[in-house]
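Down below is the structure, laid out as structure tokens.
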Amino acid sequence: MSDVDLSTELAYAKFENPIFTASGCASSGKELAQFFPLTELGAMVTKSIMLRPRSGRATPRMAETPSGMLNSIGLQGPGIDLFLEEDLPWLLNTGARAVVSIAGESVDEYGALSRRLRGVKGISAIEVNISCPNVENRGLVFACDQASARAVIETVRINIGGEYPIIAKLSPDVTDISLIAGEVINAGADGLALINTLLGMVIDSETLKPVLGGKTGGLSGPAIRPVAVRAIYQVHAKYPKIPILGMGGVTSGGDALQLIAAGASAVSVGTASFGDPLAPVRIKEELASLLEGHGFSRIRDAIGVAHV
Amino acid sequence: MSDVDLSTELAYAKFENPIFTASGCASSGKELAQFFPLTELGAMVTKSIMLRPRSGRATPRMAETPSGMLNSIGLQGPGIDLFLEEDLPWLLNTGARAVVSIAGESVDEYGALSRRLRGVKGISAIEVNISCPNVENRGLVFACDQASARAVIETVRINIGGEYPIIAKLSPDVTDISLIAGEVINAGADGLALINTLLGMVIDSETLKPVLGGKTGGLSGPAIRPVAVRAIYQVHAKYPKIPILGMGGVTSGGDALQLIAAGASAVSVGTASFGDPLAPVRIKEELASLLEGHGFSRIRDAIGVAHV
Amino acid sequence: MVVDEGWSLVPINPRAEVTQARILSNRKVGAYHHIAFEAGEIGRYAKPGNFIAIAVGGDFSSMPLHRVFAIYRAKAEGIHASTIEIIVAAHGKGSEWLVKQSEGSQLRITGPLGTSFPLPAEPVNVAIVGGGYGSAPLFDLADHLKTRGCRVDAVIGASTSSKIFAPLDGKRTVNSVTVTTEDGSAGVQGRVTDVLDELIDRQRIDLIYSCGPMAMLKAIDEVAQRHQISHLISVEEAMACGIGICMTCVLPIKDSKGIVKMTRTCIEGPVIDSERVLWSKGIPEGTWGAP
Amino acid sequence: MVVDEGWSLVPINPRAEVTQARILSNRKVGAYHHIAFEAGEIGRYAKPGNFIAIAVGGDFSSMPLHRVFAIYRAKAEGIHASTIEIIVAAHGKGSEWLVKQSEGSQLRITGPLGTSFPLPAEPVNVAIVGGGYGSAPLFDLADHLKTRGCRVDAVIGASTSSKIFAPLDGKRTVNSVTVTTEDGSAGVQGRVTDVLDELIDRQRIDLIYSCGPMAMLKAIDEVAQRHQISHLISVEEAMACGIGICMTCVLPIKDSKGIVKMTRTCIEGPVIDSERVLWSKGIPEGTWGAP
């Protein structure tokens, strides 16, 4: 391994290296732990957890697309109580760093989740997934509406206190992502996660109906990488001091470096793990040697270099 | 070739088959005419033409991405006068159907273009590319702003008269594409073209700077197909009577059928021609035999079947 | 009736590894391709019922997701590494690519994955029932059953004869083989369930293992329930990752407390005791966390 | 000085076709790969300076765009079809894939594309100057020049010896070959322009043909201008389609009326009279339609 200092920060949370898992692409860690020690990761970002247990959407839940995939998992999960009782302790016990992702259907639900998380030991940061439909506002996705996005982050801020940095995860399915970024920053987000999936659909060649049980799904994987790089670049240009956790189609160290150069302080690996369970570790190693090749002695100097 | 009736309509314009070229992916026809008779196409959609000649953006103008590409051509072209004098007559002379795409930097420019096109013989429809920055409104893209989008289509409607169907081409880079669709329909659009490219960026692995001369570029190709299918499906669900010219990553007859089932009455082939000049003809043939396999005797019955 | 040999049905296969596998041979067998790999340690730890996940499309692939295949045979010791064999039905893009790969090609394979067939504690009478390529993992299972003194009768069905997978040495392992085809091109015309009732009675079957399409498993289960005999099934749900991290492969399945959960069949399956399975489509009412 | 043989410099090659080509051979030559194809009628109509566009990555490729390569040699008659040969420097994803393809592989190729080298009307003294794989199309050109009675001297340069492409029969065709390498590992240490001045004087060169990186073409052009001799160049710009429909491969080039336009080098090039070329980067002021 190279000598490059890979340590990085998201607001006041420090991490030994910048390669994280992506929420919903690594469950709560147990499954990937079969393949590598989770301490190899900068952090495990857990699957977005909701207040109550949730069965998710009907199957089929995925469709492969050119260099990408659609998913309509629908946030299946055990709910916050069981998560705090079983999944999180297990994860922290491995010595891995944990970023806990939360999701809600109403502003209040985000508030309640935050209160449950307040004071929980060992968490490194909270990622707030606001790409969920707001049941109180005609199912409009929080991340697609300035007021809703702001309201969620304000609520999380108030209820969680100053214990963990709040990372607001934004959707690329908006006219101007930097506007939404501005709102959540004003509302108290310490950092941003960019980007969530793009809304897409695949129609079955036999039935001529949408493949997914949920009809539409979220597009992820290499196909969306150019959109992720653009979103990170735009937001970093406007808010250079706000740390960004970048994600979207990262499958190699070179891809991670693109996101970092665009302005990401750390990078989540999602869909790539589905085709290669060792992807996060490989990507970390490739990134380190690329940074070395470019003459960087620490990764911090590479963050946002595309803007210089 | 199969016996399926491939003829289709976009508003009051009728076409022998539903496979068109995509604006900017076939120039004005001369180049592809080396490979197949342009009469094989439902129509040639010409590269968006502006009022004055235009040199376009600095090179590099493209970057390949996973199952896609970015382009930042910047609407290079000869301007409407030379287009009407040379390119269009040449094209019409081949016997091909011509859909003329126009683009402007201000509402007035669209008006002026429409006046120039008024009464020009032989045109089958006008595609109005509103994915251009509005120089009079802080460079905001017309298609990303309801008022600007409406203003452009109103102007075109007034200036061009009722001679040709007006197809408004929308950008997917908006929070709710059906809102923009509603605006342009109210403003007088007879049909919609869905979708233009997604805004993206690639960073060079050597220089760590954006590859493209224009920094950002438009993402096209198979990578964006799920976004196109979704956009067409959403808009057709809301406005089932408005004909849609679909496009985005179509490389096979099966892909074209996906867009048709989602609600497209015709399909443009763009990026696929870059890797296979015969793509439009092959796609048409594949589509015909797929329709036959599904038991359709005419393509009209397949339009929007995914909704049934 | 069955004993769980250590970890047959324990979720998350503890032996899984990622390896660069090399194709040793690839040849057509009826409608299928029989592909053998030299695959690190996978063959050493594979148990009947386990599967592998294969990355497809090569270095510049447009297919980011795994393709999963049941292990047909595994050998702990090859020349350089352990070997595994699979039976592939070319179906969509990835499997079409796979069957075109030639000897010597290197592929990234993850495995062994999933649960495996638990074996009976005593020598009992067993029926193995396979549909299409679903018979592939059952012959290795039969081998293990025979070693434990079981009688094993096989019923192998498919739509047509070319889709019957019943290799000679597999046939030799079992006590009898009944073939059914829907078009009658081989064996008895009909479905596996058309011959199963009679077989159960005739051979006093105590236990059924089955593998094939969901509709077939369901039909077999009805027969098994009627006869009140245990039934272990290997299910096939669409899988994106095969390793438990994507949540696409779920089925409504009862947990040990009887609570129905949308359960990942890649880590708590593919082998499941049919008692736990709800055969309804969609998310049944009362499923844990259902709206 | 030069005559345009029918359609050498006419935009949009009228002979272009799409064909399923088969790799006849693929072998390493220094830092390059020499690949021969059986390619429909392409070899029959190819002229020196033309190029081909190749679809890369196979059936499930994530690479939608063409890769373009100068035709090194073309033969009108092969066993089944005409043949073409190219010299490939593995560089990015697509060319790396290409050099790994084995004999018998089928690839979709479009060609012949672009303009070709016009030939002098009279037997004159010619220098051909190639940088790296840029020498590939020049030997076939030399053949044609020799047939017309020209004297042909070659200067072949590269950074290091493995990147000098100068095949034996190519060398035999020309009257002399001077090799230059920047690291001195073969021939004269230095660049092609370091030996060109002297060659022009010594052999009374009337006409230069050159092919290589833009910076090299520019340096050669300065020498040519100083000596006031004609210079035909083959340029290399990034190309997405190679057939004139995407507008990515543009350079500021003067048209016949002297107006500078952003010109597609895939259909009005790659061979261009250097007189028409503006060597500045970006879009020079005064370019037609420039803001």
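For reference, chains read A, B, C and D in written order, and residue numbers begin at 1 within each chain.
Note that in this section a contact is a pair of C-beta atoms (placed from the backbone, for glycine too) under 8 Å apart; a residue touches a chain by one contact, two chains touch by 3 or more.
Since the model is a prediction, treat every value here as computed from it, not as a measurement.
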Which one of the chains is farthest from chain B, going by Cα centres? C
Could you give the separation in Å between the centres of chain A and chain D, each centre being the mean of its C-alpha atoms? 48
Please report how many Å separate the Cα centroid of chain A from that of chain C, as a whole number. 35
Approximate Å spacing (C-alpha centroids) for the pair chain C, chain D: 56
Counting only residues that touch at least two other chains, what does the list for chain A look like? 66-68, 221-222
Residue ranges of chain C touching at least 2 other chains are 62-63, 93-94
If you connect every pair of chains that touch, what shape comes out? Choose line, ring, star, complete or other. complete
For the complex, which residues does chain C have touching chain B? 62
Residue set of chain B touching chain C in the complex reads 66-67, 222
Taking the touch rule as given, give the residues of chain D at its contact with chain C in the complex, in rising order. 56-63, 93-94, 96-97
Residue ranges of chain C in contact with chain A within the complex: 12-14, 16-18, 55, 62-66, 93-94, 108, 110, 237-238, 240-241, 243-248, 250-251, 261-262, 267, 282-283, 287-291
Footprint of chain A on chain B - complex, ascending: 63, 65-68, 70, 144-145, 173-176, 198-203, 205, 208-210, 215-216, 219, 221-227, 229-230, 233, 249, 254, 257-258, 261-262, 290, 294, 302, 305-306
